[in-house]
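Order of writing sets the chain letters: A, B and C. Residues in each chain are counted from 1.
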Amino acid sequence: MGIVITLLTDFGTVDGYVGAMKGVLLTRAPDAQVVDLTHEISPQDVITGAWALKEAAPWFPPGTIHLSVVDPGVGTTRRALLLKSEGHLFVGPDNGLLSLAAGGAVEGWLLDRPQWFCQPVSNTFHGRDIFASVAGHLAAGVAPELLGSPVQSWAQLDLPAPRRDQSQVIGQIARVDRFGNLITNVDQPMIGDLTAWEVSIGGITVGPIQRTFGDVRPGQWVAYLGSGGMLEIAVREGRAVDLLRPLGGTKVKVILCER
Amino acid sequence: MGIVITLLTDFGTVDGYVGAMKGVLLTRAPDAQVVDLTHEISPQDVITGAWALKEAAPWFPPGTIHLSVVDPGVGTTRRALLLKSEGHLFVGPDNGLLSLAAGGAVEGWLLDRPQWFCQPVSNTFHGRDIFASVAGHLAAGVAPELLGSPVQSWAQLDLPAPRRDQSQVIGQIARVDRFGNLITNVDQPMIGDLTAWEVSIGGITVGPIQRTFGDVRPGQWVAYLGSGGMLEIAVREGRAVDLLRPLGGTKVKVILCER
Amino acid sequence: MGIVITLLTDFGTVDGYVGAMKGVLLTRAPDAQVVDLTHEISPQDVITGAWALKEAAPWFPPGTIHLSVVDPGVGTTRRALLLKSEGHLFVGPDNGLLSLAAGGAVEGWLLDRPQWFCQPVSNTFHGRDIFASVAGHLAAGVAPELLGSPVQSWAQLDLPAPRRDQSQVIGQIARVDRFGNLITNVDQPMIGDLTAWEVSIGGITVGPIQRTFGDVRPGQWVAYLGSGGMLEIAVREGRAVDLLRPLGGTKVKVILCER
């Protein structure tokens, strides 16, 4: 079995777009295993795509190629990018999509060599003609140095950071998952001892940080350290995001006070 | 090509959760082929997950590993389970999810050995840290006896059984498929000769059991033996479940009378 | 790694149907790689399925087997078909579904030999019992000549053709993609020089054919040659199909006038 190539897009699967990308990959690298991460990122939602990629990619073995396309700038002058980080290879548009997953010591290349693209390159579907084509050549063993020109910097996402204010941490909701749970932008290193805090959100007291949502009764609010290492807030057997609406929606502040 | 691992979850694919599980599997067993069954089970709907697994799993070759996670009890004391049935291996929570697919002569093990888990184990994502990790080790060749402790019994689903009452069979709707067809809990062995019965549902006369929905006119109700071996009731080129609403919804009785 | 088998259906993934098909394929051909194109074709929408297959299939390597099931006629006398076109093999119902993707010099066989089916054949799930079973045998190396009887003609889709009328081309919307973009039935060969035309739709002037949607401002209508080689009409950063509703919906005419 050959190299693993993961796919993450905002294309949905109603159309043939994802299929065409898989075809290009398997034409270039017949021995690769193509693995879907998701195609259900909301159209053009680069930030959610970046979080989903960061959540999944690190669990794959080194050598995995991660092909990610959420690309509102297709057909404009936004650049095409290949990043190498801790043995993983990331291919996609240079719009911040790859930037959360590809952390640490990273090498980068601009994909500026048309001989590795499908020709003619469509103006509206670089996912197939540039990104899948290059990822397929990578999987077939072509070195990054041949596929593009070295580059030292690339787009980063402009994400709000949590703020530490005396004995408080003031954070925000970074995203909402399928279960309606709220994933905040507050991570474990920022708060240290989990038992030292009392959490509130939008004026509602959630209480101390629990081990898991099983620690409260059905229908109750609960804060806990999520599987991605971030503080999460949920309602046991409910959808927290729905209860949040009258309080101001996902813009409300998440406040941790020392107990 | 290595072993096949199927995945069934209620995680959807909007988040990175399913991707993380695939990464753990392929890290442990790089030669495995990971095959999606479904990730669209309604959140925490163990019964529908159990039916979907029963419908798909038996068609895979012996030696297949079926990793299934619909897990409302994550983080509580519900146990983690490995079952072996007719050469198939089933990994998932001990809440009944595996019980319909793993029938016949079954051996079971409790997954109680943390050395086979991802460490640290998250309190909210056993799908990745326990179930995918153990399934990956299984695919890599570790024997069930090493992965857990033998166990003699496990959770079963509490499903209503059809009732035989003189010359009648009284059944229920077990689930509704994507086409709006009604899959009942009445199976072929219970009714024997298919031509001997007249079917009604919620007071509506459906008629005798047909060979297929092509045997009635568009818009008509039809009963037939479904592809999973259960009596199904549909409306040709329509959605039976929608027409059922004014009759009492999916709680209505399915009645078979001898003709 | 063995042969690639693509899957396209209208089954959704809520039920176990797609999983059962994958199981049959991998039982017959354990070394095959099973690749999802889409399972989200609207129930029984043969035409959209045919377009999605045409969009994706040509990008796969020769030797790929494309298993496609959108099958409103299951259980009736519609025939089962195997087509070979440019090294690709297409398996599915004979209702036009395969006809757009399998162009050029095509050989055909009727799948009329029950020894290659799952037995007993369900009356409602030929996707599993006939089509997946035959596709699996194909992937395992059985020759088309053994699997069926040669046939010279098969169902074609009855699609409206664009009309050339003096200095005008009058076309229609063939389908709408996930982004709400309108894919017309007007292709490049019909219009030749892209710069020679002015496009309008439903009485709205869209303007000349642009290189890509980045060539207009957000919110503006734009016409361009799409990635599948057809003229497409979109609204930059909007959903063209929604704006079309007050103009008459997707039935409106697409008119190209010489500039």
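Note that a residue touches a chain if its C-beta (ideal position, glycine included) is under 8 Å from a C-beta of that chain, and two chains touch if they have at least 3 such contacts.
Keep in mind the model is a prediction, meaning the values are calculated, not measured.
*Asks:* On C-alpha atoms alone, could you tell me the rotation angle mapping chain B onto chain C? Nearest 5 degrees is fine.
*Replies:* Roughly 120 degrees of rotation.
*Asks:* Specify, for the interface formed by the sequence copies chain A and chain C, whether it is same or different in terms of residue numbers shared by both sides, with half as the dividing line.
*Replies:* Under half shared, hence different.
*Asks:* Once you find the CA centre of chain A and the CA centre of chain C, what distance in Å lies between them?
*Replies:* Going by mean C-alpha positions, chain A sits 31 Å from chain C.
*Asks:* Going through chain A residue by residue, note those that touch at least 2 other chains and give them in order.
*Replies:* In chain A, 1, 33, 36 touch at least two other chains.
*Asks:* Can you list the chain C residues touching chain A in their complex?
*Replies:* 1, 4, 6, 8, 33, 35-41, 51-61, 64, 177-179, 211-215, 224-228, 232, 237
*Asks:* Within their complex, state which residues of chain C touch chain B.
*Replies:* Against chain B, the touching part of chain C is residues 1-2, 11-24, 26-27, 30-34, 36, 43-44, 72-76, 122-125, 128-129.
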